[in-house]
Each structure stands twice: as structure tokens, then as C-alpha cells.
Amino acid sequence: MNAEKTVKSVAPESRSPVPVAIVGASGYSGEELVRLLLTHPHAELVAVTSRQYAGQSLAQVFPRFASHPRAQTLRFTEPNADLLARQAQVVFLALPHGVAAEFAVPLLAQGCQVIDLSADFRLRSAAVYEEFYGHPHPAPELLAQAVYGLPELYREPLREARLIAAPGCYPTSILLPVVPLLRAGLIKPAGIIADSLSGVSGAGRKAEADYLFVECNESLRPYGVPKHRHLSEIEQELSLAAGTPVVIQFTPHLAPVNRGILTTLYLAPTKHFQQAAEASELGDQVVACYRAAYGKEPFVRLLAGKSLPDTKNVVGTNLIEIAWRLDPRTGRLIVMSAEDNLVKGASGQAIQCFNVRCGWPETAGLL
Amino acid sequence: MNAEKTVKSVAPESRSPVPVAIVGASGYSGEELVRLLLTHPHAELVAVTSRQYAGQSLAQVFPRFASHPRAQTLRFTEPNADLLARQAQVVFLALPHGVAAEFAVPLLAQGCQVIDLSADFRLRSAAVYEEFYGHPHPAPELLAQAVYGLPELYREPLREARLIAAPGCYPTSILLPVVPLLRAGLIKPAGIIADSLSGVSGAGRKAEADYLFVECNESLRPYGVPKHRHLSEIEQELSLAAGTPVVIQFTPHLAPVNRGILTTLYLAPTKHFQQAAEASELGDQVVACYRAAYGKEPFVRLLAGKSLPDTKNVVGTNLIEIAWRLDPRTGRLIVMSAEDNLVKGASGQAIQCFNVRCGWPETAGLL
Amino acid sequence: MNAEKTVKSVAPESRSPVPVAIVGASGYSGEELVRLLLTHPHAELVAVTSRQYAGQSLAQVFPRFASHPRAQTLRFTEPNADLLARQAQVVFLALPHGVAAEFAVPLLAQGCQVIDLSADFRLRSAAVYEEFYGHPHPAPELLAQAVYGLPELYREPLREARLIAAPGCYPTSILLPVVPLLRAGLIKPAGIIADSLSGVSGAGRKAEADYLFVECNESLRPYGVPKHRHLSEIEQELSLAAGTPVVIQFTPHLAPVNRGILTTLYLAPTKHFQQAAEASELGDQVVACYRAAYGKEPFVRLLAGKSLPDTKNVVGTNLIEIAWRLDPRTGRLIVMSAEDNLVKGASGQAIQCFNVRCGWPETAGLL
Amino acid sequence: MNAEKTVKSVAPESRSPVPVAIVGASGYSGEELVRLLLTHPHAELVAVTSRQYAGQSLAQVFPRFASHPRAQTLRFTEPNADLLARQAQVVFLALPHGVAAEFAVPLLAQGCQVIDLSADFRLRSAAVYEEFYGHPHPAPELLAQAVYGLPELYREPLREARLIAAPGCYPTSILLPVVPLLRAGLIKPAGIIADSLSGVSGAGRKAEADYLFVECNESLRPYGVPKHRHLSEIEQELSLAAGTPVVIQFTPHLAPVNRGILTTLYLAPTKHFQQAAEASELGDQVVACYRAAYGKEPFVRLLAGKSLPDTKNVVGTNLIEIAWRLDPRTGRLIVMSAEDNLVKGASGQAIQCFNVRCGWPETAGLL
């Protein structure tokens, strides 16, 4: 059977918008997908599902979209894969880990394009999935065809992908800064440390005491130390980039902002640079490496001069900011990145993948 | 000349409160000193100085103290060392770096006890001071007699100190967790990384655009990368603990909270522990090391079980929380600490030093 | 039976601390009571109850108190009125409305002094209670002996009270500014409007989605419009002050701060003051009225000059700030107040009542 | 001379985008104008001016726009009215009060369309301007031709306006809820009270100590009581709606959010409604009034059921939410509104006016 034939055609040259659906649209990532798709020039949002809000209009559930005509007419429905497959060509899954696969299987079987924001299809190995997520993978037969939805690294395979696994928020903030350096051999694969701060929306819309205003406001705290689930996809991708197994140290922290991830990376250059000339040469190589990788990328902002990343610069955008410093005192390369966990770290990136897959300009709906 | 005779007697057994003064009481640290000294059972606040507020009462400048009778009667004065020396036995300096020394010299000469919250007397070497602070040390002859005001590490010399240099906020959050491990030889002196988050009060009460509400709220950002001034005192103290020169990596970040420092430390144990038995043994040694160092310390809270430090637990207190995790995947020891940058990181610690020096119970005025 | 004999003696002149207990100590008000009682010079905290935390020490549940020796040894217990009555002379109830009465009845019967922070005993009429709280009053026979715990208004009856009903947070912020004006006949009893902003701790430690960080941060919203439960006690007390039934307009709002209530009151002076001389005369009368009422009160801060209330001035203190402005354009008197909802609005005020009742200096433990 | 001929033609039917410029684009309102105009389907941003940032690109000054191609190429220039008049058909002025008029005069003379976000042309009377702004009006001859830029109230005159005065943020939040009620005679013109909360961006990007993070965070405070400058335009418009001079009470407060205004209005219905039937009838009239006024307005969201306005629903949008409650206890009508002070309260509304004036769909660039 020819997959190219089975998949519903999403002709890049088409002028008419693509019908799209969002399954699980009531969480923070789902809401952000709604925001981006309502104004996307080449997409028509035809279905949004939510068990909790079935029957209510988009405008009722998300008042911020009330001035959009579609938000008045489009109503949440109970999720139903068969129905969705008849309505939409492309389906975004904004569901919890483990649940997404249940929808991906029938949707793919009926010819839909699937862009999954959960972790279900990010790992190439079902065994690693089970190790980190604590249960057997629900659809291991699909892992081989899933493409990791980081356009800056996987643009070509994404053009043909039927199943796209959008990366996690922390992984995006780590992989984009580190992969080019590993590929270029500028840093050692061993000893990488990623120290990240995240806004509270990263925890989802869960009514748990830990995420109450009074418990988060005026609070700074680490969590999930030392083995966070996202490590699995981070290490998978870094290992592929390095051509050797990579194990990293990753520490997430919670900070009282709604959105944003700030990651500080501690890396060991392969060359020494205690002499000023060595540092200067290495600096030039880092610049050249990043420019080659991202110089033309619309959503990667390489900071120059004295600028350092700041989440407030990227909140609400699909941008990631990256800056770096060499420290001759310690021999380390410090790289810092900032992104919006719900945009470049989730829904914006999913839209970027959608644009790549459909052949739209990559910034469509994301400016 | 006998220093013991020259210094005004601060008899531990005395029942009557010690007259104390604060120079530069209008900043955040100064305000916190006022708060702590107004209710201190063995201190009487007799003078507060501020060029900006001279003539106004404490209650006018800091309304929060308005119900304290002393706040109604005590007025800010222009700073005048001679006058202060006549009024107070102990003088706290909450002044900018470089300015503090100008007051310390005459105050010490006139027999006062000086507790300085600036960086002026924290370094043993005038050359290192000049390297990091950009100007020659204003009173290098006093460096030898200054005692670093970290009671958990320098309690005995503090009992006799005439000039106490209270540590910086970041250094406190790093030194207390790391020094015992270095002294015990449990970690390597090389490769230490300290990643810190600080609340905005750490920047002081400066009307700069970077610290406006709208610029800090919903913002997470690194700054001062890679060579922060506080490195000098951190490395001095770690080197003393290790018995060998120590160079560390330190990255401060700004987060939208008023107060609090959260530090995450990446350390390399001297022993491997990939086997479970090795990890268990090393874990026992870490516990034993911390218990020996801090088991009886009133202001160090060693976290057990699943607890991790959280700045909201320590804000307004003189506590520092410390937790640790071994990561067998990477071979690292992760240690995390939380403190209030204005209390254990500044004014509370200064009071603790005051208590040690005067022989009061160390928790006096700090519960 | 002589109540004076039955009640456990709380002799003002006594030197030994009074044994006190807190029932329901795990909420925000309970935690604040713990903070204040641990350092109160004349109280010894002998019991804290919490079904959720029974068996755990104060230091475990509230790490901020960890350096206090009592916090290491005192453990939460299941609430048991008989046991509490044997341990404590004074029992603070920090329980939900309706539950407090269940404990008050047996505790009073066994001779304890009860200071209740719930609404159960604030109303003089069981019928009004039922109207506003939706169920019959659980112990109407006690209403007659309860004293409303606003020391500035009820100091004398509080000295002899066995059952003290500490006022609500909103009522305190409204009654203290308005009652003296009504008593002096300076404002009309009709048409009073109170517009209040509250921090999120006012909602308690409930894991509800409305109070999640992301739902409160960057949010300003009214709630409970137009008939909030607190209206019942506000109107009761205003009516007593005016000598005529008073009905007011009250609108509470939620703002993203942990603590604090800011109330703006719109009042109609009994005299016209469009002429400058009239306004000046009325202004003098307002000043005189407030000075007579509060000039010697340690916890009421009357603002002069251009100052306006700010919750950050009072957070963590038992102070209430009050300022006023006459508006000749509209003929209104605008009065504004700021307090900490958990201190002057709850636990601090309860301690103030405790001090009054026991004859301690009113500021004991509250500076 | 025929004004219709003089003004540069802005043909509604035109397909090509209109060249627009922003003078004073570096403040918060200017930045928001940039955001909206960069993605506006019918506008081409051809010039942005800023003395501070002249020479820098949009992407350098506002990193959030970095992925937009125009942000890379468009550079800030020194403001020059002659040059702007040659470049742009429509010029937005985001300048301080008093300065805007200096640019409006030459721009209008050279045939530009001017949309001014300052207060310079909002008042019909130069005398009232001088009373509230403290200096003579800089260009009183233009007042007669300026149209107040509230499309919901002035849509027809805006279609032909050469000079549009976009309303202030507070006035928008008050006028939209109140004007229809006054016009319909449902409320009395006397005794109106508006109590407003604003985010800190309303104070502009000024490096003043009052707006530092630590001074605003955890702070709730009134300011500018009792005579705020915005009163002048509010009362002008309410008087026009009522057909009689209206004087209102207005109290602004500052709350720790970046954006948003929440206004609570206390109004006196012309009819009594203590009986349930009367209240029901009046409620129907209020509903009918608002539906007639705003039922088809894309940016006015009338809340039904139990919903109350919340700034977080409107931040980043051009929406205003309005809800109301009748209080039979007090005889008042309470109306509440929420808007984003920088969008519907400033730049979004200016774009809405631009759309009306040019004949574009009113939601163009605002969804």
C-alpha cells in the first residue's frame, strides 16, 4: 500500500484553506493552538473537542477569541476519531501522554495527517518509552514513521511526514542550542548540564495545591530532580547529533511567571581556550556554527553584543533566543536560551511543522 | 595597644541592651536591619542614617514599623562617624561597596564594633578586590582583622572580631552547601557549577528601567555572565575549605519575586557510585557530613525525604534550606539551597554575627 | 453560676505564659496564628490541631518556623475538645464557618477562653446568620455572650469576654474607617459604598482551578457581586454605630498579590462643602474625629499629607492605614484603608484581642 | 478649500496597503501599535520614530518582532514631520500630552491623516484642557475638527475624520458601559462613581522608583485621588450622552499586573426596583439597551449568566467585557468592565479607528 496515496492530499499549491481539528483543545496548549489556527491564513478550524466543554462555543470557553466570527459558531464536541477523520485533513492532538496514541491510530488509518503534541511518538524506542513513562507504549508500530517535529533539525523528513511528534518544551530549549555544536564537534558529548526555569503553565490546568497562586507566587523551586521524563527525548536527539550515546544532567525549576522557559547550558568545548587567541578563534567557530545552522531560520534569534536571552522578549511568539559566552576561567561554553513554553515549546512549533508539511511559508500564522 | 581594651566592651552577660546604629538604613538591607533590630531583645537602635531621609522618623520612611514606639521617635540623621561612635557600641554598615570602608575606618578607630554588609572587607587580598571591583581597596590595612561573617563556618573568630564582613547573598547560598563537602573530601574541588536565581530586591532600590515592574514581571533572564563580582569571595572561601585554589562557574538569574535566592549546585563526588551499593554508601556519607556540620545549627534546615528547597519556605526568616540528590546516570551530586537574600543573605546573617559576637543566644531576635 | 469563677483565670499580672491552642492550624490564618504565638512573650503554644497533618511537627508542616525550638517538638494532633480544654486556657479556632461552633460549645463549657476567627459568633441575630450563611445557627444560645473582636471599638467588653468573635478581613477594612465618622454624625448612614481589593490568600488554601497561579496572575476581577456574606456583620456594626439600620454597597475584587486588602469608601458628608471654607472646616472635623478615635491606637496609622494607603506598607503587620480626601466636585468624602487580610484582618487582630483580654500590653507579640 | 480634496486619498476600495508611520514608537503604546501594524492586512509600516533608538532596527529594539521581515529592515528615525508626511498617508502619534500637537499641526497641513493617542485633541474645550493639563492648549484651532476615536460611539464621524483623538484607557473602560445607559435614560446622570484598577504599563516606561518591581509587586494602592486628568474627557462625553453636565467620582488604583483595566461602576437607575417584578423589568431594559448598543459590535462582549469581567480574558485583545448586576438592597446598578489598557484602551482602538476611517473591515488586524 502506498502511503502517499492513502494520506489525504494536502497540496502545497492549494489556495483553499486546509480543514484542521484540535483534539483536547481545553488545556493551555490546546487554547494556544486555537489562537494560532483561528488566524492562520491557510487553515480552517473545523472541529475542537473537549469532554468537559462539549456543547459550548469557543467564545464561551475562551472569551479572548470572542471577536472572531468562528469562535461564535464553532462548538466543542466530544472527541470521536471517525467523525474527526471525516471533517479534517490535519488533526492536532493536545492530549495527555498515553491518550494521544488512542486517537492517532484510527486517524492515521483513515488518512488524516496527525500532529501530536504529547510525548507518545517522540521516542524511537518503545523500551525507552516504557522506562520513562512507566507503561508499555500504546502503539509501537507507529514509532518508525513518526517524525520529530523540530523543523530546524528535521525539515526535510517533515515535508513528507504523516505523523509528527512535536517536541516537549524543555527539549526544544535544549536541543536547538546544543545540536549544532555537537554536530560540528565543537563541544564534548559528555558532561552536558541543562538548568531550566519554567513558567507555571507548563504544569497544565490542574487544580493541585502545588500550583495555587499563593503557593507559586514569591516561590522559586526545583522539581523532578534528578530524572525528568523529558530526558528521554533530549538524550535521544543529542545522541543522534553526537553519533554517540549522550547522557545529560537536567534540572527543571518552577518560577512565578505564566509562560516562558529559560535554559542555561554548561558545555565543555573540545578545544582549550585559556589563551586570548584561542578563545577568540573558538568564539569565531561558535558564531560560524550557529550562523550556518540558524542564520536563515525565522524563529531562531542569535543574540550578539551584550544581549542575553529574556523570556519576556519571546512570550507570545514562536521565537527562541540564543546567546553564548566563553568563560576562560573555567574552560566552559555557557549557552542560554529563552522561549515561550506554549508557543515554540508546544503549539507554535506544531503550527510551524504544519506549515512545513503543507508547503506554506514557514512563518504563516506565526508572525 | 591592646585591641581588647580599646574596643568598647560588649559584655555577654550584660542585661542592658547594646546601643546599635545603622548607617545607610534606607535601602532594602537597611530596612531589614531596622526590622530585626527594633524587636531584638538585646539591642537598642539609637541611630539610623540616610542622606535622603535625614530628619524624617522611621515610621514616616518605613510605615510598616509605625506601631513600634521607637519608630515614632527615632529620626534619620546625616551620617557622621564621630557622632555615631559616641552613640553606639555596634554599628551596622549597609552602604555601597567602597563607601563602607570610609565609615569603618573612623568607627573602628573610636572603638566601635563594625558589622559591614558591603563587600569591602570580605576579601583577604586587596589585589583580588581591585581585580573584581575595579578600584584599589580603600583600607587594605584592615583586611587582616576582618572576619568573614558566616557563623556556621567562622563562629569562633567571630566571637572576638572587631570588624565583621557579612557575606554576600549569593555566596551564602553557595558556601553553606559546598564547604562541608569540600572539607570532608567528598567532592572534587574542580568543576563546581552554581546556578542561582534571585529576587529583584537583590538589585537594590535603584530607579533603573531594567528593574521596572513591567520589565521584570513575566521575565526570566540571566545576567552578569560569566564573571560576577561575588565570585571573588566565593572562590576565596571554597579555596580555603579545599586547601587548594578553586575556580567555579557561577550564573545568576533574575526572577520576578521580591525576595529569595535559589541555588542549584552541580558537584563531582570523589567516588564513583554507579552501583546501587556505592550510591547508598556515598549517600550515607553526604548525610553524615551535613549532619556533622549543621545538625545543631538553628538556621540550616537539612531537607529529608522528597522535599526540595523552596524560597517561599524561607522568605522573612534567617533559614537556609539544603537538599541533595545523587544522580547515578551522570555521577553527579546535585545540591540545592534556598534562602532569603535580605535575611540569611544579608541582614539576618549580620544579626546572627552580632549575637555571636555579643554572646547572646544565636537566635535572639531572629525567630 | 458566676462566669467569673467558671472561666479559667487569666490573671493579667501573671508572669508565666498562658497555655494556648489553635484548632485548625493548617490554613493560612492558622499558620499566621502559629507565627504570632510562637514568639508571643506571654503565650505558650501547647497544642495545634489538624486532621490532615496529625502526627507531624510544626517544623515539618511549616518549614519557616524550623529554627524555633517549639516547632521541632510540637506536633499536630487530631482535634479533641476535651483534650484541648485540659491543655489550654485560651483556644483559637481557625475553622470553617459552621464548624467553629462545634468546638466553641464544649470548650466554653469546660472553662476555656475561646477566640474564634470564623463568622460563627460575629452576628447578634441567629436569623441574619441563617439568611447569609444558608443554615440555622449551630449555637444561638452563645450569641449573646460573644464579643465582636475589634479592639478599637470593643476594648472594654473584650476585657471580660469569654467568647470573642474576631471580625472578617473585609469588615475590619471597612468598619475602622467608617464607624467613627458615623458615630460623630459626619457622614450620612445611607448610600455608603465599599469597593475592596483582596489578595488570593483570602480564598484559603483550596485546590480550586479559579485560584491556580495562571488563573490569578495577570488577572483583575470582581466576585460575589452584589451580596457577599460579610455584608451581614458590616451592616450590623455600622447600624449600631449609626443608631439606625444601615445598608451598604460592597464589591470585592481579587488581585494577584498573596496578601492585603485595599478598600476605597465613598461616603456622603452630612454637610455641604463646595465653598473652600466649608471644605476646610469639614476637613478639620474629619481629622479631629479620626484623631479622637485612633490617635492613641497603636495599630491604626492615619496618613497625612499626600500619602495614600498601600498594602505593601502593612503586609506582615497588624497595622491598618487610613487616608481620606474631600472631593468638592462631587461633595463626597473618599476614605481609603489598607491592611493585611491575614494579620489585622484575621490572626493579628485575634492576638490583639487576646492581649486585651489577658491584660498584656496590646502590642505584645505584634511588633 | 475643500478638505476632502486636500487630505491624501485613503480609498476604501484600494487593494494596496496604506503607508503608515508611528511617531514615538518606543513606549508601551507605540510598541503595541508596531505589533498590530506589522501584521495588519491593509497597512504597510513605513516609518517609526524614536529619538532614543534612532538608527536601530525594530528587531533590535523590540526582539519579539524579530521573525517579521519588516522588523529586520525598518529602522527607527529621528522624528521629522516633513519627512513623515512624504512617506506616510496615516500617522499615529504615540507621544506625551502636549508634544503630540506639535506634530499634528504640520502633518495635517501636509495632508496626512493623524491618529493621536495622546490627550491633546480629546477635549472640545481649550479651557477645560488648560484646567486639567496645566498649560494652554498648543493648537486650539484644531479641536473643532478632531473626532473622539471611540468607534462604538462615533463611527460615522470617524469615517470622514482627518484628526482622530483616540480615547484614554480609563475613559474607554467607563464610557462604553455608561453612555448607552445615559442615552436611554436608564440611569441618573448624577452620582456616578467609577472605581478602576490598572496594570503598571499604564504608567509608561518611566524609570521612577514608584514603578520598580519591588515597589509594585505585592502592592495595591490608589493614586491621583480625587482629581485625575482623565476626568475631563470622561465628563465631556458623559455630559454629551446625558444632555446635561455630568460630574463623576473616579478613583484609579494600581495593581501588580502588566496590563489590564478593571472598572466597577456604581450607578443609580432612574426607576425604583425593590419589588422583584420591577427588578425583572429593569433588568430586561438594561439587557435591551446594551444589546441595541453593542449587540453587533465585534469588540464589546456582553457577559451573561454568572460571568463577571476578568482582565485576563481580554489582555492582548481589543475586547472590552461588560457585565452588570442590579442590587435590590441598595437600589443601585453595578456595571463592571475589563479591557487591555494598551489595546482597547489605546493602540487597538487606534487601529479600529484606522479601519473605520479607511473603510476596511473593522476587525482587520485585530483578531
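Residue numbering begins at 1 within each chain, and the chains themselves are lettered A, B, C and D in the order written.
By definition in this document, a residue touches a chain if its C-beta (ideal position, glycine included) is under 8 Å from a C-beta of that chain, and two chains touch if they have at least 3 such contacts.
As the structure is a computational prediction, the values presented were derived from the model and not from experiment.
Asker: Which contact partners do chain C and chain D have in common?
Answerer: Touches both chain C and chain D: A, B.
Asker: Could you tell me which chain lies farthest from chain A when each chain's centre is the average position of its Cα atoms?
Answerer: When every chain centre is compared against chain A, the largest gap points to C.
Asker: Per the centroid of Cα atoms for each chain, what is the distance between chain B and chain C, given in Å?
Answerer: So the centre of chain B lies 37 Å away from the centre of chain C.
Asker: For chain B and chain D, what's the span in angstrom between their mean Cα positions?
Answerer: 49
Asker: Return the residues of chain C touching two or more other chains; collapse runs of consecutive numbers into ranges.
Answerer: Residues 215, 217-218, 256-258, 310, 315 of chain C each touch two or more of the other chains.
Asker: Help me check something: in the complex, which residues belonging to chain C touch chain B?
Answerer: 38-39, 63-64, 66-68, 218, 298-299, 301, 310, 313-319, 321, 363, 366-367
Asker: Using the touch definition up top, name the residues of chain B that touch chain D in the complex.
Answerer: Spelled out, the residues of chain B in touch with chain D are 28, 200-201, 205-209, 211-218, 256-258.
Asker: Any idea which chain C residues touch chain D in the complex?
Answerer: By the definition above, chain C touches chain D via 193, 195, 197, 199, 215, 217-223, 225-227, 247-249, 251, 253, 255-262, 264, 266, 308-312, 315, 325-327, 329-330, 332, 334, 336, 338.
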